[in-house]
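Next come two complexes built around subunit A: one with subunit B, the other with subunit C.
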Partner chain A sequence: MSRLLARAIVLVVGGAVLLAACSNGTPSSNGNKFSGVTVRVVTFTGPQIAEPLQRRAPDFERLTGAKIQIITVPFSDLYQKLLTDFATKTNSYDATVFDPQWMGDYVPSGYLEDLTDRVHNDSALQWNDIAPFFRDFSATFKGKVYTVPLDGDFQMVYYRTDLLQKDGLKPPETWQDYVSIAQHFQGKDLNGDGKADYGSCLAMKRSAQSYWAWISIASAYLQSQGTKQGAFFNLNDMQPLTNNPAAAAALNVYKTLSKIGPPDQLNNDVGDSRGLFVSGRCALSLDWGDIGPLAVDKTQSKVIDKVGAVILPGSKQVLDRSTMQLADCNATLCPYAVNGVNHSPFAAFGGWSGAINHASSSKVKDAAFAFLSYMSQPAQSSSDVTIGKTGFNPYRTSHFTNLGPWETSGMSEAAAKNYLGAIQSSLQSPNMVLDLRIPQTNYYQQTALDTALAQYLAGELSTNATMAQITSQWNKKTDEIGRQSQLDAYKASLSVTK
Partner chain B sequence: MEEEDLSKVSGYVSTRGFRLAASTWRPLGARLDRVAGAVFILPAVVVILGFSIFPLLASLYVSVSRLSFNEGGVDLKFVGLDNYAKLIVGIDRVHLLGLAGPATPLSIAVLLAGYGLLAFALYRYVRSGDRTAVGMFGRVFVAVVAGGLLWLLVTTIMTSGRPGTLVVTMVYVGVDVTVQYLLALGLALLAVQHLPGRRFFRVVFLLPMMITPVGVAYLFRMLTDTDKGPLYPLWAHFGLTDVSWVTNPWGARLAVMIGDVWQWTPFIFIVLLAAIETLPHELVEAAVVDGANRLQVFWRITFPLILPATSTVVLIRLIEGFKIIDLPNVLTNGGPGTATESLTLHAYTIWRALDIGGSAAVAYILLILVTFIGVSYVNLFRRRVTAMT
Partner chain C sequence: MRLTRRDRLVLFAPLAVLLGGWLVVPALIGLGATLTTYSPLTTTVTFAGLQNYGNVVHDPQFAEATRNVLIFTFLAVPLELVLGFCLAYLLRRPVWGRSWWRGLLLLPWLVSPIASGVMWHFLFSGATGIVDFAQGWLGRPELASPVGDVRLALPATILIEVWRVTPFATFLLLPGLASIPEERWEQATLAGASWFRRIVDVAIPEVSPLLLTVGMLLTGLSLGTFDTVLILTGGGPGTATLTPALYSYGRAFVTNDWPLGAASAWLIAAGVAAVGAVYIRLSSRRSH
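Take a look at the complex of A and B:
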């Protein structure tokens, strides 16, 4: 009898140990824990972002038995595809890798699973290794964690080190510098093929990434008092900051740049502008972190070790919120200025992040979380962020400190330090501009702002008409949803402690 | 006779019993015979009600509502004609209708000529012997709406203004269908000649139609790229590498129209080819014997005989043409600005911003426009052609 009891105790203890081992979320220790479970993950039609998910899904299946189905839809459809799927309770997706800005629409409606406990209990995820900005802002909504960051997003300026060095030019500090450097190189042969090349290559196509580029420029003029000041709305009455001399200055810079670049720049998205830059046809570009790894990709780059990155250029004049006029920077107006220049690095988009559908079954949710965790764990992500085609950019402390994977990818130590330094200086800036995250953010940016910018660049609207159109459309939408609730949501999105 | 046969088959049913049963069943059978037609039609009616009429009415309701996604579901709020007002007189008016510029001598001349023609057509009808009150009302209605559309076209295109999505769509349809028809007619006349390789070219001419429109859009996106596309050597030869098709509003619209013409000319081509090939040889032979030349044969025999096929194929292309979306969406995303945006793309961009009511309103405006043009075309042109032949 006592032997039987001893066996039973051994079995129970053994089982408990096994359960504990399984519950830490590490796929390698899960065996076939998720055998028979299928997780449907939706993201945008890549190749970026979808590529690493598709590439690593079979590995994850071998480790855990869970089958991962990656479903892709065009980026411009992803937001409403998800929203309509959740709202109509179709629930055809168990997880999504999406834009964390949309949490403003998805979280209050209860569509996304609260991941707070899971991220803290999963030791393999190494939650604290993720840079505080991505942990506390990108992944968090009103104090709770809803996403697992898979990508770190900041816009930066890239320049050709060889060209600037040869002509004795410094990387741009202000947007005026950027314009004059672009003008200097426009029409010159920059890659030795005998063809005239371009001073600057930007993504200005409609319904693509154009509005982020404009916000990157406008931020320098609109926000100078630190992150909590915000760059989109007045914090007293939710009036848009899109109809004032600062917005006009940014529009003028943008319009000037539309003419210093490839002839079909108005029809270029980031795929086109990146292709042009790494083939050596542009002196400058404005982009997320993607150009860094693409520039050392031997299969396509003609600018290996010829590319430098800097924090977004700034401005010596900023919007004085009391007079709503442009004023010269001083210690009060621009407390974070460097050499009299106000820099406002823009955390455009916030980085692709994984989230889980609250309505899925618990077993599927467990498998989905294990997959997202697996993708984010340093073992996988530290090499993924060094590959250009993944679209993933560094977001963990270890991505910045461990230079090994970067050097393996083909970057020289100096280039890696320069590239990571530009991201870090943006990440550590106390005047970082947070991307908009309020209900129907998608309308404000992707529809109203994007269309007005496209019309402005095409000459359909004057500067004043563009500002008036954006402002009236934003105000109409704010009133439609509720001015006070939108103001509350906007304030909540800014009160982040880094 | 029938009863006897049946009683033989059943064997154990007595004649009396069967008669009783038959007398009961006869009215039922007759009744079934009467309703059989309706019963057979019912599945089709249910399908049409379910898949055509219901969505039509539902989208009409959505177009007068504001749909929002709330906690745990969807909220539909009735807003009357707000969505239409926003498009026609409100914040989206310029997007839909365009911006009228100050009058120019050309625009005034075209307007006067157009209105003169409309007035002349009405005058001819009034003077004709077979006028009716209904016919008169219909013609006045058509003249008023056509006059309005003409005003919209002329004041936004022939001035310093800019066309909205409604006008851009009409330009696409007008230019595309005309060019497609002329090209297709030429190709069909060529393909019936006994030329070497005609079988091969008939297949080649049909290929564009087989490609998915999105594929065609990507193809033209590459072809119109003067800087790195496959036609780069050609552009470079003419010194056009710094000129972009798709950053100039009319260049971009032209690119969209060339793509559409390339894709849909084969459709008209195949219909016209079939029509020409089935023409009776005797008529042509008789005309040739009588000394008619080729041009006379075409204008007096071939063309009038293929008019019924022409009117049908043009109607189909008109209706299809109004729904263009793939080409402008992929080629330019509706840009530069809103220059290449068609009505369907307009509805889609509004839908993407989750303004489902506004999107349905645009779709209804498109439906009204297509119905107006389709019905006017059938009444004023097609019916006459069919009667003539």
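Take a look at the complex of A and C:
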């Protein structure tokens, strides 16, 4: 009898465990849970971002029986492909790993699935382990969750620890410091190959990812009153903050830096500047988190354990919104200043995130969510964020507290703490600058801003003409779409609960 | 055998279906869109008349792009024709390793424009480029990539396109030159004509209709220059290498202003059609 009872208990407990596992939308639940279900996931060509998806898809397929098709398109085509696919109801993609900035266009049209309940009901996803910024801003639109974060994006400054230490220099605190350090090292041999190297390496190519660097510089001058102040538009009338002494100061820094670097810097994209930095040819660079893992990649780095990272440099003068003039920082004007320097770390891009097509069938949506959840879970993401070629940067609390995977990747404990510390100081800043996320963000940034900056660097436009051109084009687009609706969207994008 | 009208219709039908379904109909829909405010992001579509064309024509970026493509065409096409003709002239007779030379020369044309853009970007690059490597090997200071220099970007882009397209011109001209009867060359040689006079008096008259056709084809290709520039420079530095096709792509696919993108594309098509009209006029005058 007791044996029968024991068997019954085992059966009941086993059944309960199995049931619990089945109700949990994670791949560990059942090897055939999604048997016969095909999920078509579109992302950009990469190899970054696509690589971890392609590498982990077979494991997920074995665990769940689902078939994952990773479709890649060039980054420049991704937004349009998705939009066309959604708008024409072709629905050839069930899920996407994309730029969360595009939610401003996709969510109001009803193209993306609301994931709020799913993320909260999926214990394996460990939603609360994801840093608040990525949960509350990057993944959320008007209070609802639409994406699963797979990447954490902040721009930071990287510097050569060996060079600065040798010359008794401190990492840059302000943009003036950055320029001075760059000038100090420009033309010197920084990697022992007998060739003159560069003080700073930045991406400045047209039609690429360069304009984010200018925003990173401008943020320090434009926003000082906290995240909700915003760095792009005036919150009263949606007037662009691109034609004032603060924007002019940022343009001047940008132009100066275009001359303190590689001679062909105007044609360099981020891949080029990263390559130059990890080959030891630059003293400074400005980039997302990618340089950290790349710098310890033994196959390409010549600066292993010689790289430090700091929060974006700031400014001792900021834009006083009441006078629209530059003014010295004080307790009122720069409440978050450190040593009199206003830092405004810029969450450029927001981090690659996974979203699901609202029009897909419910079974496919379940499988798509399970795949995105699987990619984000700490078991997978903790090692993915330490690999340079994935393009994924840390975004979970556990990514910052668990140093094991970083040390396994080749980073020393000190280097890992330094790198993660720079990201954390950005993440924890109350004055973080959020990237633009309003309808037709692409026009404001990739067309109007990018073109004017390219013309400015090429000498086709003066500082004043550049500011006037950006402002006029932004205003024209705002009026075309509707000033009030754009203002509402902009305000909504800044309402982040931290 | 003489083909009847019905035979011709049957033979042309597959091509007509293909062109109609995948070229003419979409192009006409695009033409219709240029007269509206259509966009995948707007919920209402209104008639805009010729406003989109007006916006394109008055856009300083489009003016810069047009200037660039005209310079591009006026320099690239004659260079491609002259070099293509010279190479075809050299290859018209059996020479040692002719097949090998032909295959080698065809390689640049076989490389896709995108791959060509990527390749030249890295060849010119200061950190990894072969040009810089050669400079360093010769003990000379580093050279900036010409495509990163405002003054050199367009000439460099033109040279890259000449490198890519010249083999195509060569292989179009080669059959024409190879078909000139040997006696014509011998007569000219016996008459004491120099190699230059042989080219002017024998070769050019024989292949001039072909030269006109190839010239017009290359002009059409140049006016639509897009892929190499997109990858190589993105239209920069500044607007130094922006072309109308790149402008059209940017408007249509980066900023989703489809009517503006389509309007600029139709203006390019009008330019190419004008070149075609000149060709037809010149050909018919020649045949008369």
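Simple rule for what comes next: the second predicted complex is superposed on the first by the 478 of 498 C-alpha atoms of A that agree within 3 Å, B and C clash if a C-alpha of one lies under 4 Å from a C-alpha of the other, contacts with A are read in each partner's own complex, and residues count from 1 in each chain.
Criterion: a residue touches a chain if its C-beta (ideal position, glycine included) is under 8 Å from a C-beta of that chain, and two chains touch if they have at least 3 such contacts.
Since the structure is predicted, the reported quantities are computational estimates derived from the model, not experimental observations.
Colleague: If you stack the two complexes on chain A, which partner ends up touching A:G230: first (subunit B), second (subunit C), both, or neither?
Modeller: neither
Colleague: Touching A:P345, do we find subunit B (first), subunit C (second), both, or neither?
Modeller: neither
Colleague: Which of the two partners, first being subunit B and second being subunit C, lies in contact with A:Q265: first, second, both, or neither?
Modeller: A:Q265 contacts both subunit B and subunit C.
Colleague: After lining up the shared chain so the two structures overlap, which partner does A:K476 touch, if you call subunit B first and subunit C second: first, second, both or neither?
Modeller: After superposing on A, A:K476 lies in contact with subunit B but is clear of subunit C.
Colleague: Looking at the overlay, does A:G110 come into contact with subunit B only (first), subunit C only (second), both, or neither?
Modeller: Touch status of A:G110: first partner only.
Colleague: I'd like to check the shared interface: which positions of subunit A are touched by both subunit B and subunit C across the two complexes?
Modeller: Subunit A residues touching both partners: 76-77, 80, 83-84, 87-88, 105, 109, 195-196, 205-208, 262-267, 440, 442-443, 446-447, 451, 454-455, 457-460.
Colleague: Can you list the residues on subunit A that touch subunit B in the complex?
Modeller: Against subunit B, the touching part of subunit A is residues 76-77, 79-80, 83-84, 87-88, 105, 108-110, 195-196, 205-208, 262-267, 440, 442-443, 446-448, 451, 454-461, 472-473, 476, 480.
Colleague: Which residues of subunit B touch subunit A once you look at their complex with the stated criterion?
Modeller: 66, 69-74, 91, 162, 225-227, 241-247, 249, 332-339, 349-355
Colleague: Please name which positions on subunit A make contact with subunit C in the complex.
Modeller: 76-77, 80, 83-84, 87-88, 105, 109, 195-196, 205-208, 262-268, 272, 275-276, 279, 281, 439-440, 442-443, 446-447, 451, 454-455, 457-460
Colleague: Touching subunit A in the complex: which residues of subunit C?
Modeller: Per the stated touch rule, the residues are 40-41, 61, 121, 124-128, 136, 141-145, 147-150, 153, 230, 233-240, 250-251, 253-257.
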